[in-house]
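Written below as structure tokens is the structure these notes are about.
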């Protein structure tokens, strides 16, 4: 039913850094729920969202859990297609060795292709 | 072909991200504070989107921007907004 | 076509709720169906039954409720996002040992699975963010 | 010194409420006084008595209430901003013909004049925004 | 009690455009209340806030009143010290003839001086 | 001398506005998402603020940025934050 360029049901775009707001957590929750319903999910970490992948995050100063523990669970939910904006890695000086999880860097052209290749895009 | 919906002004991360994820045939609709990008002085903010850039009539009007917007921007009302979502395969909102 | 709306912004603080309600009315007027409105993130505040805006301003909570009842549109509020933000129906209030409720029908508290379902089942999902 | 805090962001949606509460505790620990916390814009949601966050997360509404009671800090919620957003005490609920209330003591609904008064009367006003 | 560089009690900075959010309205409300309590108030329209001054605004598509009627009342409240960021005028291509009310354009140096010269700064 | 408090990342209108309103002796404290500006790769975002740029310890730490921040940024904890507000005449928050 799907053509060869179809990468999955759901693309969740995460554009916010951890701890500063609930966007990242609420975006990840949507991804986990979709995966639990056996949907194929791709995550795209865009702009500040790339910082979600940084190793060494902790709890917040008031004991807020943050999102690193959720990222650690992605594999259990079979969410293994992780993309990260190339430009964000450059902007923040991040390289693969500093990331919690492997994510494939993508440029603008590839991002547009990913948006076109999913049945549903949720942008957080 | 996708419809991208932008409700933020040009000098925001949301606008940069929308432009960077825009496919070559995708359309971009400016709504709410996004219509600030319709000002002629902001023209340089949307390179390569000629003929694919729309702005919502009602939101231009409320802000006093109707008639002050740049040439080449296609003005649609809310019915035209619905029509754009019909014509495009999917929508992505940037906020 | 079958449409769904995802609303992520609170009323009054942002224009997004106005835009979403207006878009909902316009798509129905063009003969489409609206299979559901899902309220997530700060969008859950659109279900605040105690909202009392000045009388010369649009009443968004009533606007959604009227639309839902007139067209049989489910108004689904993410339960996890709502509880954190003080939006509970009577059942949840009891469960959390609180008196009173801040959400009532036709809004219904439901899980995020409904959003995924709506999004994949409908021809179009339109998101309105803050 | 005499401090005041202006909080403009909702809890859970933004970190600002956490930052503000933490800053409030720290200034008290350094021997300053906190003459008032004023909740405006989406900050009014910090007074939502029905908020039910997960038990492993900080409960900001209770946190403010405890701080207010322990140190005699007035917790002033802008009434105009609150009514629009569904935050009413019993008196306002009655006035608007609604059953129930979403704000209770030690939070108090008050006018914006209190913010100006606090800001000009105190040595320092610190704003926390979304 | 005040030195000569003291411009007034309260500086209200307005950084948001009309209609898109309640920031502009809530900022103006704070300014009006302060003026009603006989405080001297300066308004600084910064960034997108400059668009609040544009002539020809109307009600919103749902009948939202917007903020232009409030601006028209500023004089009644004796709020007549209006500043607007020079750069914002340039960014949006605005000139004095397009504005509802006269506002004095200020550059970065002057903005810093204004912040220093008021007893209280509220930033919306 | 004022203390400016910034809780947004460098590529936002809030950051541009804070820098543009910063007096020559004013200090700038990065908190919450503002600490993203403490990354060495973002150094160019704060020209002319040498010696007057601070970042909140707890917010760096929660994000995994502690030890990864640029030289020359002074790290303060919440007590240091209060001390900065004592030392400065007034604070202005940019968000």
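Every chain is named by a letter (A, B, C, D, E and F) in the order it is written, and numbering of its residues begins at 1.
Here is the rule we go by: contacts are C-beta pairs under 8 Å (C-beta built on N, C-alpha and C of every residue); 3 or more make two chains touch, one makes a residue touch a chain.
Since the structure is predicted, the reported quantities are computational estimates derived from the model, not experimental observations.
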{"item": "Third chains touching both subunit E and subunit C", "value": "B, D"}
{"item": "Greatest separation from subunit D - chain, by CA centre", "value": "B"}
{"item": "Furthest chain, CA centroid comparison against subunit F", "value": "C"}
{"item": "Rounded Å distance, subunit B centre to subunit F centre (Cα mean)", "value": "34"}
{"item": "Whole-Å gap between the CA centroids of subunit B and subunit C", "value": "25"}
{"item": "Interchain centroid distance [CA atoms averaged], subunit B/subunit D, Å", "value": "38"}
{"item": "Residue numbers of subunit D (touch at least two other chains)", "value": "12-15, 22, 41, 57, 125, 127, 129-130"}
{"item": "Touching two or more other chains - residues of subunit F", "value": "7, 9, 11, 13, 16, 32-33, 58, 78, 90, 92-95"}
{"item": "Sequence positions of subunit E contacting 2 or more other chains", "value": "19-22, 47-48, 60-61, 64, 119-120, 123"}
{"item": "Chain pairs that touch, as defined at the top of this document", "value": "A-B, A-C, A-D, A-F, B-C, B-E, B-F, C-D, C-E, D-E, D-F, E-F"}
{"item": "Residues of subunit F touching subunit E in the complex", "value": "2, 13-14, 16-17, 20-24, 26, 89-90, 92-95"}
{"item": "Partner subunit C, residues of subunit E touching it in the complex", "value": "19-22, 60-65"}
{"item": "Residues of subunit D defined as touching subunit A within the complex", "value": "12-15, 18, 21-22, 56-58, 130"}
{"item": "Residue numbers on subunit D that touch subunit E, as the complex places them", "value": "6, 40-41, 80-81, 111-113, 115-117, 119-120, 125, 127, 129"}
{"item": "Touching residues on subunit C, where the partner in the complex is subunit B", "value": "1, 3, 8-9, 14-16, 19, 22-23, 26-27, 29-30, 32, 124-130"}
